[in-house]
Structure formats: C-alpha cells, structure tokens
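Per-chain residue numbering starts at 1, and chain names A, B, C and D are given in the order in which the chains are listed.
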C-alpha cells in the first residue's frame, strides 16, 4: 500500500523503514531535509512539503503524522486537512492527548476526512521487534489500512499463545488492535505508559533497597554487598518479575553496576500525567501510578519548598536544626 | 546427588520431581503420609520421620526444608540439628525472614552444620519452567550442592543473552545465584517479591482505569467500552510492559473479562511487609512498594476506622452527610 | 452596605445573617421560597427573582452568588450579567474551579462588570466564628466591599499575634485577604481544602492504628486497649497536633468511641481533585494530598477491579486462593 | 514532691524548671556539669552522679530519665536499677520504642521497681505552655506521681471544653493521661508523632503548590504570585486548617517568605518509622503517614539510586537522554 509519513524523527523514519521492508510504498516529508534524503536512498519518495506529499499519493490517501504531540501535530494536521480529499485518512501516531483526538476527529469528519489515533509502543527497538499498535477511530478506515498495521506490528512470532483465547478472533495476537472510537487508541497507550511508570518505579525501588543493603546506617552484621547485575540476571530466569524492563535493567547494570553515567533527573511525558487525571475523573484510586509520577517530579529538583516548610516547622516547635549531612 | 526433602506441599513435591527427573536421589518426608507415598511411586524414598530421613542419606548430607516460614520451619530445623552430623547442610527453601537466617546459621555453625537460605521463585510453574534460586550462605556448601541448584533452575533456555555480560562468569544465566552470606538469599527473594507487589499493583491500577473508562460518572462522549482481554493480549507484542505477569493477566481476562470468580480480597505474605521494613531501616523511600502493600491491607476490610474518622470530621465542620450510594 | 445574596442554603443564609447582625442591608433570593421568607423575618428583603433582586439594590451593586459550583452558579451569573449595570460587582462565594473564574471574569469585564471570586471557609460554624475569606479579582472592587468582608470574617478575636508580622499591613489578621487577580481566591481556597484532606487523613490513619492496637493479629503481650476519646482530648493540651480538626475529632469520639453512626463512605468535593491537578500541571509532587483523595475514592467502593486483577494474578502464578475472611 | 531528673538537655532542664515553679523539689544530674549548676542556681539540688542522686531522694523515690532513646537511656536505667530500692519508680520521658518499654518494665518488676513510660510533647514551648503527657505503666505509681504530671501538664487553661465529655472523669482535660500498661504511653506518643508528620507534610505540599503557582511552566495567564505569609495568616482565622503547626508556619513565613535559611534536609526521629512498622504489623493501611516519612528520607539525598535506574531504563527502551535542567 501507499502511505505518506510526516515527521522523520527516529520513530517516523523507522516506521517507514519497516513498511518498506514489507513492500509498502512510502512518500515522506520532514522539515529537516536530511532524514528524507536518507530514506530516499532506501527507496522512499522524499517530498519537499505537505502539498507535494499529498500529491504523491493516490486517493484514498493515508497520511501518518509522527510529530511531537501538541502544536507541531496540531499544525500539520490542520494543513493536511486543507490538502486532502474526502475519503482520505489522517493517522496520528504520536503521543496525543486522547481528548484532543475526539475534538480533532469531529472537526475532520465535517470535511469528509477520517482520522485514526494510533498509540505506538516499541521505542528504538520497534524497527526490529515491531511496534505494538493501539488504534482508535473509524473501523472501516482501520480495516482498509490493516496491511500497514500488520506490517508494523511484531506478529505472532514465537510468543506462546494465551490460554482461553482459542475461540477469539482478534488482531491482538498480531500486535495491533482496534480499541474503539477516536481517542481509544491513545487512551489505551496512555494507560500503557502509566503502567510502565509504575513497573519502572517498582524495579527502581527494589534495586535501591538492594544497593542500600550495604548502608553504613545498618548494623554491620546485617549488611549485604550485593551484585545487582547478577541479581537482575538471575531474575530473568523463571522468576515472577520476568519482563522486558528487567531485561533492560540487567543490561544497564551489567554495563555499570553503579549507573555512573546517570544523574537521576528523570523526565516525564504527558501520558503519566494524563493517566492520573483520567483516574481522578473516574474516582479510581491510582496510588502506584501517581507515586511513580511524583518520584520523577521530585527527581528534577534539588529541594522542594515543601521540605523547607518541614524544616521551618521543626525549628519552630522543637528548635531542631536541619540535617547537616546527607543520607 | 542425594537430597533429603522435608515438607511435600506443592512446592516441595515439585522440587523433588524436578530433581528426580535430573537423576538425583531424593529421600522425602512429610507429616502427612500421602504426598510421600505419591513421590515414592515416582522413585523417591519415603521416610517416616526426620530420623529415618537423615539415616537414609550418606554424609555429608543435605536436607532441604520446604515448610511454612515461622514455627514449622524453625521446629523442623531444630530437630534436624539434633540428628545431623558436622559437615552436613540444611537448606531452608521457604520464605523465611532474612534476620532469622542470620541467627539460625550462627546457631547451626556452632554444631558444625552449614546452612543455606534459598529464595525460590517459580510457583506452580516451577516444575516445568524451573525455579529461580537466590542463595545465601557458605560458599563451599553452595558449590558442593551446585548440581542440585543447577537441576532446579531453568537454565539458559532460549532467553536472549544480556549485552555487556560477555566477560562475566556467573551462574546467574543458569537461573541460580549465590547472593552472599547467610540471609542474602532470602533478602534478595524478599525484594523480588516486593517488586512483584509493585508491578502487580501497577497493572491492577491500569486495568482498573481502563475498565472505568466506561463509567457513568464521565461525560457520555468521553467514555470507552474497552476489551481488556484484547488489550492485555496486544501489549504482549512489542510493548514496554511485556512481562510474565502480563501474560498471566491476559490469560485471566481471556477466561473472564469481569474476573467474576474473584471478590478482591488479597492476601499478603511476609515478604511485602519485610521489604518495607528493610526500606525504612535504610531510610530508602519506597512509595510504590509500600502502596502496593497497603492496597492489599485495605482490600481485606469492608471499611477502615480511618474512613469513619473522616466522616465524623466532615459532619463536625460541615454538617456533611455520608455518601449514601457507592462509587 | 447593601448586598444581594443569591442562594440561601446553609452557607448563603448564614452569611446574610452575619451581615445583618453587623448592620448591613441584604436583598435575598432563592429558588425555594422558604429560606427567603425566614430571612425576611430576620430583616432581609426577600426578592422573587434575580430581576427583583437587582432592582432592590442601588448602583454600584454587589451580588453574592452562593450556589453549587458548576451549572447552577454559571447559570445565575449569566442571568445576572444581563441584569446588572457597568460598575456593578458579582461575587462568587462558592467552590468554583479557579480556571472558570478567569474565563468568567474576562467575559464579565467586557460588559463593564467586575467579578470577585471568594473562597469561603468556616462551614456550619461560620455564623458564630466568622468566615475565613480568600478573595481574588479587581482590587478596587475588593476595597469598595471591604465592609462586607470585614463583617463576615472572624476578626482578630483573641488569637495571639504572629511574631514577625509587626511591620506588615494586611487584612489577613482580620480573617480576609485579597490574594491576587481573578482565580486567586478560589485557588487559595482549593489548596486550603487540599491541605484539609491531608490533615484529616493523617488523623484518620493515626486513630486507626490506635484502635487496631488491640487487634487479635498482634501478640497478646503487645496489644493495647486504648481510649481514643481520652487520647484525642489529651492531645488538645500542649501537643504538636493541636488543631480545630482535632477538636472536632475529640468531640465525635467523646460522643461515641466506635463512631457507630458512620459507615465510612467519604465524599470528596472538587477542590481535592483540582489540587492534585494543579500539582501535576506544575510538576509539584503531592503525595499526601493525593493519597488522602484516593482513600476517599476507595472508601466508596466495595472492591476495586484492581483488587480482582491482583487476585487473578496470584492465582495465575501461585495457585493462591483468595482470602476468605476479612482483616 | 521529690523528683530526680537524669539528663538536663533542653527538655530535661525545662521540666525541672516547670516542676520547681510548682513547688516541687528536684535532684538533678547530667554528665555535663554546666546545666546542673545552672539549675542549682534556680533551686535544684545538683548531684555528681546517679548514686548521689538516688541518695538525695527519700523512698519511695521517683527518677525521671530524659536522655536520647537507645543506649543512653538503656544504660542509665540499668545503672539506676542497681541503686534504687523496691517500691521506687523509674520514669522514661524520652522517645523510647514502646516494645523496649514492655521488655524493660518486666525486667525492673523482678527487682521490685516500677516503671512508667511517658511520652512528652511540647518541645521548646513546654516550659511556658506545659507538656502534653501520655503515660503507660502501673496505675498505682501513676496515681502516686500525679502531682508531678499535673504540674508539668498545661491544665485546662482557656481551651474550650469538648462537647459530650460532660460525664467523663479523666485527667485528659488537664493534659496528662494514663493510657494503659507499660508501652502504652510511648505508643500513643509514637502515633502522635506519626500524625504530626502527616499534618506537616500536608501543609508542606500545600504551600509548595501555592509557591509554584507562579511557575514558568504554567501558561502566563494561569499564574499567581501569592503571598504565602499572608495566606498562612488568614487561614489562622476561622478556617478548617487552624492548628498550632499553621501558627508556626505563619511565623516562619512572616520572617522570610522564601525560607532562605533552610536547605530542606529533614531529619526523622524513630517515631515516624515505628508508626509505619506498627501499622504494618496490624495490616492497617497508612499511606499518608508513610509518604510523609519517605519525603524526609528523600530530602536527605541528592539523588536516589532508584532514579538512576529509571534513567537507565528510559535510555534502554527509548534512547531518552536525561533531563539536563532542573524543574
């Protein structure tokens, strides 16, 4: 099939590569000319602008936008909406807020355009492993574009079949899924990332305790000097916490058990915040997902004003001086 | 090799089976005669008591105790200590508190006995998949018994090698690891379970939000009726949250998307509590692991007294009546 | 001064009463005729509708809207906007979301109307104790209406002066404060309520632990049968946790130490949720305020789906049955 | 009455002063001679050692130990136990772990000595305000020493009586309370401090959000530049969060709204940790009290290893670089 790709960062460019490997025909564009030229050398048709890209595709067209969520995506889609024809489809594969999808889809629908929101997981590994795709929007457009999604997804591979799914008919085993109407794709991706935050934090705390098992604060006879790299490796074999995140942790710890390369300032993307907001709108308690988010907030500060308030109170009622030393 | 096994519950009996499949010679005992008789039919030597079990083994002996942590394990080990000879080894494969290991090992050392604490992960799947073994104690005893541990562990299997481990020499890739002196095995297992709690809770909250995405509390145009079984399945393919716990969740949701079989009262074992205590002793913040534990505490109550205190205060300052309905 | 009051629930009616006691002249209206008639008997001018109420006031008018946040408030203000004249002021004394204030004030400004958002704390006690008022909006309108705010606020009373405030000029000591431009009043009130949630939960958890100090789960020699009413009372004298919320708790526990009147289903108002959202927008960690909110969410459910997910996983990996009994 | 005081730090010395003001006769000792000499100038009998102190008192003696919890207290009580006579009483007024009280009381009982554990709240303000006393142990010894406790406690003062206590007979209104058998005094004090941590953290987070309301991360039209000193002051008047901790916060913010004197490294004493451990032993969820503790742990570190683990994972799956800048 034909697909237009707007945005050729690491994700967009690798999606194009994986599609071309599967025999699809890709027209591409990026504000920066370099990645389009590189992809042209691999067989893509590099276009100088959105107009050229739209003209390079036969109707009904499909254009995948893979840009940072927010203004960049919003702008590109608005421009595309003026160039495309009724029956064409815009795919937003970025990390868009799901309520923006609902709004945007309604607006495009008035122009006869269909819109699919696609949550895309896989990161730098997607080119080889395939991308896990969570898709929201018009079912007919989804079905028309299934060859694209099937090519991007990992497929069954050698992952064991899940019991009790014998009678189910679903693309889920292929690694792509139509989750519901517009917004549902990014909603499911948002929760995926929320869970990811929680799992990461669970590992992070666990390894922190393991490392501090040798703390000088503990009685000497109750300390352990543990090899975190080996522990993460042994857990990859038959333990309950077996997971891809553990694999990645084992690799990082094998490279450097002190993780000396890292300072510990941890960014958060919108999905973690939106997950908490979704939980609050529903009145669903989400302690772990929220704590994982707050840890990242805290990690980017030297000290919070909250901590100074605590110190001020302690001085006020007890005359306590602040801790002079760390730890 | 020869091994004596005390305690033939599901874990103990399957460990014996896996050892016999690898050609080891097992003498077994359980207070209840049935499981010993069953294992005898499979080739084990069933012994009527600990004395008979000790006599059935040639020195230097190794006796694995697989009983509930606490009084049962303590009692069996005390009795064994009176029957065994210097140079023999007692293995505690249960979920013992690591400080009990340190105390117990010192006491057995005075009698010339060595003690290994072995954290064992794998649950009902261990017989087929192998057990992940985290081992603390005397390195010589560990090395002498490596054939036992190697037979129980999953081995390399088809799990991809971790990058940066090329030059490491470790049994971790085999699925068993000598973690350090006595207590270290159960300490590492304790943290494993702590992480497990956190990961479970991350998934649990995420699926809770997905399910409540259809809540009547939300604006009608912002609701989704999501298929949790398919979502858990698609995440098994190329997503960041790929894990064994996700596999199990996918299976449960495929069987019944409402999980109607379950009430939601969730037990906790000692490891989750000890993990938090270890964190506190070190002054390591462990928000997620602790929240995961508290969720289980809360799940076993209809209402906490804390909640009644809140209601009483709200009535006191605002004249607020309590919520009459749920949700 | 003259003031119009729209909404004569407990809060609105008592505000009118406190104003009349201070000699102010109040025109009042409520959709339900009863409270207006009652207030008329106490000296207020009861009006049959908003038009009548506006006509009963001399320009520049001030109309205080004391209705549930959301549609009721929004509708009343829209109607008033069509009736009032340039130079008049609308006061929203309810629990409006601060971003709504910003939007609304801009819209009213175009019509020459000024708008003040007033966070009002004091609950059922405000009539006697006075109301703590947090005010946002045009400083001139605030100053014009200061006699109203001063009459409603508690005043200095016998509360000891705060050290280091000797050189400050502020109405804060009187119990009312111009906090900033529109939205600032409700923003400060929102955070007040967020803190209130956290403090309440701190007390709630503490008393829960005190009560459970007699739990049968504990070793018999480590149990205490504590008198919570007396403990809350003794803490009112010289302890660090001395507070009005403690006073209310002491009263409730003195009435019934089991709080048998309450089930423990605890509502939450918007402010707690908005506080968390404000924290997330700023990337400010707010663990305690958020946990306090989630506890209330959880209190209104019998079981969460999250808990069933946990049970399903535990069955999956360990064959664990759910807890049959509580506690 | 006569009382011996061992340990003349700020708390011990001020307790002696308050007792002498009430006409009691105090023999005192401290390892450091200066505070004893100072108290001698105010009327106390300064003793050169514990033996001299014991000899300075008439039987039945009462000796109050006011030393750091742990080895110092343990050592002093052991030495006193060898010097005192049956019928004498040792009071531990420090922050001892309640299980140590139970053990210690049993040991002293064998020697005919009685032991009272007294949780003492009031900090640097106790000399003037009086101390809130939570007392565990033998009721007869408590009653014999009531004049001491009554002199130290704040008394009724002008604190309004709690409704529903009309028919109660209790010393709680005086500010001292016999809470139960040995350990109960320190147990109640422990929970008091746990609640204190939670309340402090609630205020700290709230003021942090108020301060960050002016964050450059927020849209310009949604920022507020709030005066925290005035806000804390206005809340002292009629709001729900009225409390002594708020009074102290208002004072600190009035002195310096930036709290520039403080770095934000916050110590924790044992009580916060023991509160969490008590909750876990009971299976009582205590989210807020625990989060408050963890915030302090985190405040004393530049970065946790947990945060580096998060960064390492993010690099692993997404190629994400760490945040370069703060906030």
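Keep in mind that, in the parts below, contacts are C-beta pairs under 8 Å (C-beta built on N, C-alpha and C of every residue); 3 or more make two chains touch, one makes a residue touch a chain.
Which chain is which protein? Per UniProt: A, B, C, D = Decarboxylating 6-phosphogluconate dehydrogenase.
Just so it is clear, the model here is predicted, and its values are computed rather than measured.
**Student:** In contact with chain B and with chain C at once: which chains are those? Just list them.
**Tutor:** Common contact partners of chain B and chain C, which must touch each of the two, are A, D.
**Student:** Relative to chain D, which chain's C-alpha centre is the most remote?
**Tutor:** Relative to chain D, the chain with the farthest C-alpha centre is A.
**Student:** For the interfaces A-C and A-B, which has the higher count of C-beta pairs in contact?
**Tutor:** Pair with more contacting C-beta pairs, A-C versus A-B: A-B.
**Student:** Distance between chain A and chain C based on Cα centroids, please, to the nearest Å.
**Tutor:** Centres of chain A and chain C (C-alpha means) sit 39 Å apart.
**Student:** Centroid of chain A to centroid of chain D, CA atoms only: how many Å?
**Tutor:** Taking the average C-alpha coordinate of chain A and of chain D, the gap between them is 46 Å.
**Student:** Could you please state the distance in Å, as a whole number, between where the Cα atoms of chain A are centred and where those of chain B are centred?
**Tutor:** Those two chain centres are 31 Å apart.
**Student:** Could you pull out the residues of chain B that touch at least 2 other chains?
**Tutor:** Those would be 123, 125, 201, 203, 205, 208, 212, 240, 244-245, 251, 283-287, 291, 294-295, 298, 300, 304, 306, 317, 327.
**Student:** Using the touch definition up top, name the residues of chain B that touch chain C in the complex.
**Tutor:** Going through chain B, the ones touching chain C are 10, 123-125, 200-201, 203-205, 207-208, 211-212, 244-245, 248-249, 251-253, 259, 261-267, 287, 295-296, 298-320, 322-324, 326-327.
**Student:** Taking the complex as given, what residues does chain B use to touch chain D?
**Tutor:** 240, 268, 273, 276-277, 280, 283-287, 290-291, 293-295, 297-298, 300, 304, 306, 317
**Student:** Can you check the complex and tell me which residues of chain B touch chain A?
**Tutor:** Going through chain B, the ones touching chain A are 99, 102, 121-123, 125-126, 129-134, 153-155, 157, 159-160, 162-165, 168, 170-177, 179-181, 183-184, 187-188, 191-199, 201-203, 205-206, 208-210, 212-213, 215, 217-218, 221-222, 224-227, 229-231, 233-247, 250-251, 254-255, 275, 278-279, 281-289, 291-292, 294-295, 327.
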